[in-house]
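Multiple structures follow.
Two complexes, one shared chain (chain A), two partners (chain B, chain C).
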Partner chain A sequence: MAEITGSGPAGGVGNVRADYLALVRRRRIYSGLLLVVFVLLFVGGFRIVEDRNAGGLLNGLPQILDYPAGLLSEAWARRDRLPGHIATHFRALLETVNIALVSTLLGSLAGTVLALFSTRGLAPWPRLIPLFRRLSDLFRAVPEIVIALVLIFVLGGGPVPAMIAIAIHTAGAQGKLFSEVNENADLRPVEGLASVGAAWSQRMWLGIFPQVLPNYFSYGLLRLEVNVRASAILGFVGAGGIGYELRNAMTWGPGRFDEAASVFLLLFVTIVVVDQISSSTRAHLTGGRRP
Partner chain B sequence: MTSVADFADTPERRRAAADRLFARKRIVAFGIPALVLIYLAYIFVAFDVPGLAERARMDNALILMSDSVRHKVHVTRDNRNGAVSVAIEGERKGTWPAGQGPDWVSLGETTVIDLGRGHLVTYLPDGSVTFAIPDYGTIRAVPGAEGITVDLPPGDVPAWISASDTRLGVTTPEGRLTVTRNRTEVFRYFWGWELFFFTLDSPFHGKGPGELLGLALWQERLDPAVSNVGAMWRGFWYNSMWRHADVAWAMGETVLMAFLGTFGAALVALPLAFVAAGNFAPSRWLRFLVRRLFDFVRGVDGLIWTIVLARAFGPGPMTGALAILVTDSGTFGKLFSEALENVDDKQIEGVRSTGARPVQRYRFGVIPQIAPVLLSQVLYLLESNSRSATVIGAIVGGGIGLMLTQAIQTQKDWEEVAYYIVLIVLMVVLMDWLSGWLRRKLIRGD
Partner chain C sequence: MLLSVENVTRVFGTNRAVDNVSFALDRPVFLGIIGRSGAGKSTLLRMINRLTDASAGRILFEGTDVLALKGAAARAWQSQCAMIFQQFNLVPRLDVVSNVLHGTLNRRSTLATVFSLWPRADIHRAIDILERLGIAEQAPKRAEALSGGQQQRVAIARALMQDPKVILADEPIASLDPMNAQVVMDTLRRIHDEDGRTVIANLHTLDTARRYCDRVIGMRAGRIVFDGTPEQLTTGVARDIYGADASFSEHATSTAIEDLPDRAAAYA
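== the complex of A and B ==
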C-alpha cells in the first residue's frame, strides 16, 4: 500500500505519457488494419463484379459518352420534332407523377396512423406499440419492386400495382420518421384535452397534429422526391408511366434517338422541377417557423 | 404566424380579428381535405380503378399464395405409350427414377394412387382411369383416339367436375385429376418446399434430421470417397432445383453492388466536397461549377445513369455498382459539403498555431470533426442502397433482382419467388442492423 502511494506521483507523469503513446499506437494499428481490410474488400469486390460484367471498366470508359452524345446530337439535328415527341410522351409522364403523388399521400396517411400507434404516450393501445413498430419496419424492408412485380401478376400491368407498392414502402418509412417527430411533441395539450374528456381522436387532432403537421409535411415533400424516382423505376419493370417509355427508348437505335432523348429530357426536367418545388417549399416552411 | 394581438387593441377589434382568423383556419381545415379528396377522385378515374376489378386475376392470387407455401406432385401417364412417371412440380429435375415413386403411389401393371381419405385413382392396364370418391361414387374415363368417354355416377354433375369430349377435370380437396387424349395426370398437394435440401438423386433425400445428424457424426460413409458431411454439403449447395450456390452468389453480388457503389461514391465525393464547401473552396467559380455538377448528377437520377452506363459497360453487376456510385456521389457531395461548411474554425486555428501544414490542418483539424457525420451518412445510404441494388440488379441483369424477375416471369415457380423475397427482406434487415451497429461502434465508440 505504502509503496504504491509512494511511487505514484513520481512515476505518474511518465506512466501517463507511456500509456497515452501506447493507446495512440494501438489506435493507429486498429485504424491501419481497418483500412487494409477495407481496401482489400473494395478492390477484391470490384474485381469480382468486373469479372461478372459483360464489358470491363477500361473498355467501357471511352464509350461512356457515346450514347448521350448520340442522343443529344440527333435530338439537336431534329430539334423541330422535339415538341411533338414531348407531347406524345407527356401522358406517360403525368402517370408517373400521379403515381408518386398518390402513393406519397396515401403512404403518409397510413404512416401517420402507424406513427401514432407506435409512439409512447400517444398510442391508444400501448401494449401493441412493438407490433406496430415491427410492422413499419417490415413495410420499409420490403423493396418496392418485390411488391410491384407480385401485384402486376395479380392485378395486371398499369399504375395501380406501382401505386400500392410505393405507398406500402412510404407508409413504413413515414411511420418511423413521424413517430420520431411525435416523440418530440409536447404532451401537455393532450393531457389538457384528456382532462376535459376528449376522445383519443380529438386529443390527436387538436393536441398533436397542430404541433407535428409542419414536420410531417416537410417529410412528405422529401418523400415525394424519392417517390418520383421510384415510380419511374417501377415503370421500367412493367408498371407503366415514363419508365416504360424509357425502357422502350433504351432499345431504340440511331434514327429514333431524338425520341429517346425527349423521354430522357422529360424525366430529367420532372425530377429537377419536383426537387426544386419541394426544397423551396421546405425552406419556406422552416423559415416561416423561425421567430 | 400573425398573432391576434398584433393588429387589434380594443376588445371588439380583437374579437373580430380572432373571428377572421378562425374563419380562415376553418377554410384551410376543410379546404385542404376537400382538395385531396377531389384529387383522389380524379386518380380513381385516371387509374381506372373500377376497371381493375375486371382485370384483376384473383385466381392468379390464389395460385400465387398456395404455390408459394405448397408443392404438388404429378403422377402422369402418357396415354400414347402407357408409361407412368412421378415428378415433383412436374419438373424433370424432380422426377423419380422410372418404376419408383413415393409410398402413396403403387406402380405396376395397374397403378393405384392413394390421395388419402378414401380417394383412390387407378390407372388400369387398358388405358382407362377410375377415380373413387367417397360420398359420391366412382368416375370412369376412357381416353381414346376420338375423345374421352366419361362415366359419371347418376345425378347432377357437381361444379367441381368439368367434363367434355376432349378433357375431363376433377378437383377435390385431396387432389386433382385431368384426363386428355394424350395424358392422364393426377396432382396431389403437400405443404412445404419440396427438395429444398436434397434432390431425389441424393442419398440423403427423405431422411429426417436425426438420421442426418447420425450420418454426419458417427455413421459409416455412404460414399467411401467423401465424408458424409461433405456429400451433404455438396448435395445441398448444388441442389439443382433450388440452386443455393447461384442464389448465394446473387445475394453477394447485390450486397457488393451496394457496398462498392456507396463507398466508391463517398471516395469520389470527399475531395470534391472540399471544393464545393464555402469555407474551403479555392475559388468561387470552381465552387459554383462543382455544386452544379452535384446537382446535375443527382437530378439525372439513378435510372437514367443505369441506362447510359449499361450502354457503355454492358449488362452486369459492375454497371449497377457504377450507377449507384455516380448517383450517390452527387448526394454525398451535397451532404459532405454542407457538413464541411459547419466545421468549427477554432480547432483548425488551434492546429495551425502549432505550425501545421495545410494537409496536417485538414487531417487533425477538419477530419476528426466531420468523420462521424460523414460516416453516419455513408452507412445510412449503404442500407438504403442494398434495397436499390435489388432494383438496379433487375434492370442491369445482376444479383438477386435478376433472379427474382426471372422467377416471376416464369409464372409458376412461386415457391422460389417466396424464397427470394424472404432472402431479400432478410438481407435488407441485416444491412439495416449492420449499418446501425457500425454507426454506434465507430461513431460513439462504445
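== the complex of A and C ==
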C-alpha cells in the first residue's frame, strides 16, 4: 500500500491497475491449479476403487435393479395380502416413531445445554468451552449403531437401548448446530439484561432463547426426520420397532417379499409424512421472521 | 416523459405501505424523497428497482412499464436502475474491485462469474471509477476492511459500473458520520451534474434535502403530501410532512457541521 499512496496522483492509477491485474493473474493461476488437482484426484480415486472392487461399477450397474424388481413383482402378485401385513406391522411402526420422538426430545434438550456451554460469549465457564465442544464431538462421532450394540449387550434387546443411543448422538449433533445458531445471536439484549443484574440462566432465558428457539425448533424437526430413519435401522440389530420386522422379512428372502414390501411401504409413507410436516412447519417458522 | 410513476400502490397485509403514488420526471433531476420512518419511501424505491413487487399501478420509464417486466427483462431493467442502500450491501469478504465489477453481472454468464473471469477492460474501468471517487488506493482490500463512508463510495462505484440511467439511493447517508455523509452526497450530486443521470434519494435530514435536491417529494403514511422545490420546503410544510407539532425544530437534531446561528440566518 505504501508505494501506491507514496507515488504521485498521475502514476497512482497506473500502479493500482498493474498491482490489481497481477493479483488477478495470481488468483487465476491458483484456482486453475486447484481445478486440475481436483480433477486428477477424482479420476485417480475412481480408478483405484474400480481396481479394488471385485465386480466393478460398470459390470454391476445392470444388476442394481434385480432386488427391487424381484421384491416388487412378488409383492404385486400377492397385493391382496398387503393391507393385512400393514395392519400387523403398524404397532412396530408406532414403536419406531416413539423411539425417534423421545430421543429427539431428550437429545435436543441435552444439546441445548451443551450448546450454551460451548458458545463463546454465552458460556458461564469460558475456560471449559473446549471440554464441552469435545464432549459433543464425541457424542456425535460414535455411530448410533455402536452405542446401541453396546447397550443391547448390557440391557438386552428392546426400544430403550435404541432410544438412549439415538439420544446421545442427537445431543452431540444438536450441541454443534445449536451452538452455531447461538453464535449468530445478537448479544446486545444479553448485555442489556446483564446491566440490570440478571443471573446467567435469566440472561439466557430472556435474552437468547427468544432469538434462537425458532431455529432450534427447525433443527429439531430436521433431526426428527433423521431419527425416524435411524431408529428403523437400529431395529436391524435387535432394538425393536419396524426395522426388526424388516430384517425378519428380508432374511426369509423370496417367498416373504410381500411382507418386506409392506414394511418398506410403511417406512416410506412415514418418512414422507414426517418430512412434509417438518418442512412446512419450518418454512412457516423461518418465513414468519421476515422484517 | 423520462420516468412516470402512476397510481402505484403496495399493500402489506392490511397496511398500505405505498398508497396511490403518482409523480413524473421529464428530464434527469436530483429528486429527494423525505418523510418519517415507515412513510413508504423505501418501499417506493424498491418497487422502482423491482426488488419489491407493486400491488397496483404502473411505472413507465421511457415509455416501458417496468412493473410488467419479467425474468431477464426485469433484470435488464435493474441493471439500468442502480440501487444504493443504507447499509451499503456489499459482499464483505470480496475485494473492492470485485465488488465494483459486480455492477456488470447482468452482462456476465454464471460460469464466468464462478471463475471470476472479468474482462481486463472492465477491471480498468472499475479502477478508474474508484479513482474518480477518490478511493483507488483501497482497490485490493476486502470491502469489510473499509470505513462506512468508503464502503458507501464503493457501493456508488458499483452503481456507476452499471452505467445506469437512474440511481436510486435509499437513505445513503443514514449510517454515516457528518463528514462522510457530505462526501457521499457531494459524490451523488457530482454524478448527477457531470453524467446527467437521474438520482432519486430517500433522505432523512431536511437540510440535506434542501442543499442537494432540485425537487423534493414529501411522503406521509404512504401518500405524497408535498411535491415542490427545496425553497418551498418551509418549516411549516416540514411539520406537515412529519406530522409534528409546533415544538418540532429540525435544528435540534441537525447533522450539519456549521454552528446554529449561521444556519438560522441561512434559512430565515
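Assume the second predicted complex is superposed on the first by the 222 of 291 C-alpha atoms of A that agree within 3 Å, B and C clash if a C-alpha of one lies under 4 Å from a C-alpha of the other, contacts with A are read in each partner's own complex, and residues count from 1 in each chain.
Assume a residue touches a chain if its C-beta (ideal position, glycine included) is under 8 Å from a C-beta of that chain, and two chains touch if they have at least 3 such contacts.
This is a predicted model, so every value here is computed, not measured.
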In the overlay, answer first, second, both or neither for which of chain B and chain C A:107 touches. neither
Quick check for you: in the superposed arrangement, does A:207 touch first (chain B), second (chain C), both or neither? neither
Where does A:220 make contact in the superposed view: on chain B (first), on chain C (second), on both, or on neither? neither
One more residue to check, A:28. First (chain B), second (chain C), both or neither? second
By residue count, which of the two partners contacts chain A more extensively, chain B or chain C? B
Which of chain B and chain C A:172 touches, first, second, both or neither: neither
Go through the superposed model and pick first if A:13 touches only chain B, second if only chain C, both, or neither. second
Applying the touch criterion given at the start, work out whether A:241 contacts chain B, chain C, both or neither, answering first, second, both or neither. neither
What residues on chain C touch chain A, complex-wise? 97, 115-118, 120, 123-124, 127-128, 130-131, 136-137, 139-140
Which part of chain A faces chain C closely enough to touch in the complex? 1, 4-5, 12-13, 16-17, 19-21, 23-24, 27-28, 31
Contact footprint of chain B on chain A as seen in their complex: 38, 41-42, 45-46, 48-50, 52-57, 59-61, 63-64, 66-68, 95, 98, 101-102, 105, 137-138, 141-146, 149-150, 153-156, 158-160, 163, 229, 232-233, 236-237, 243, 246, 250, 264, 267-268, 271-272, 275, 288
Can you check the complex and tell me which residues of chain B touch chain A? 1, 36, 39-40, 43, 46-49, 52, 55-58, 60-61, 64, 253, 256-257, 259-260, 263-264, 298-304, 307-321, 387, 390-391, 394-395, 398, 401, 404-405, 408, 411, 417, 421, 424-425, 428-429, 432
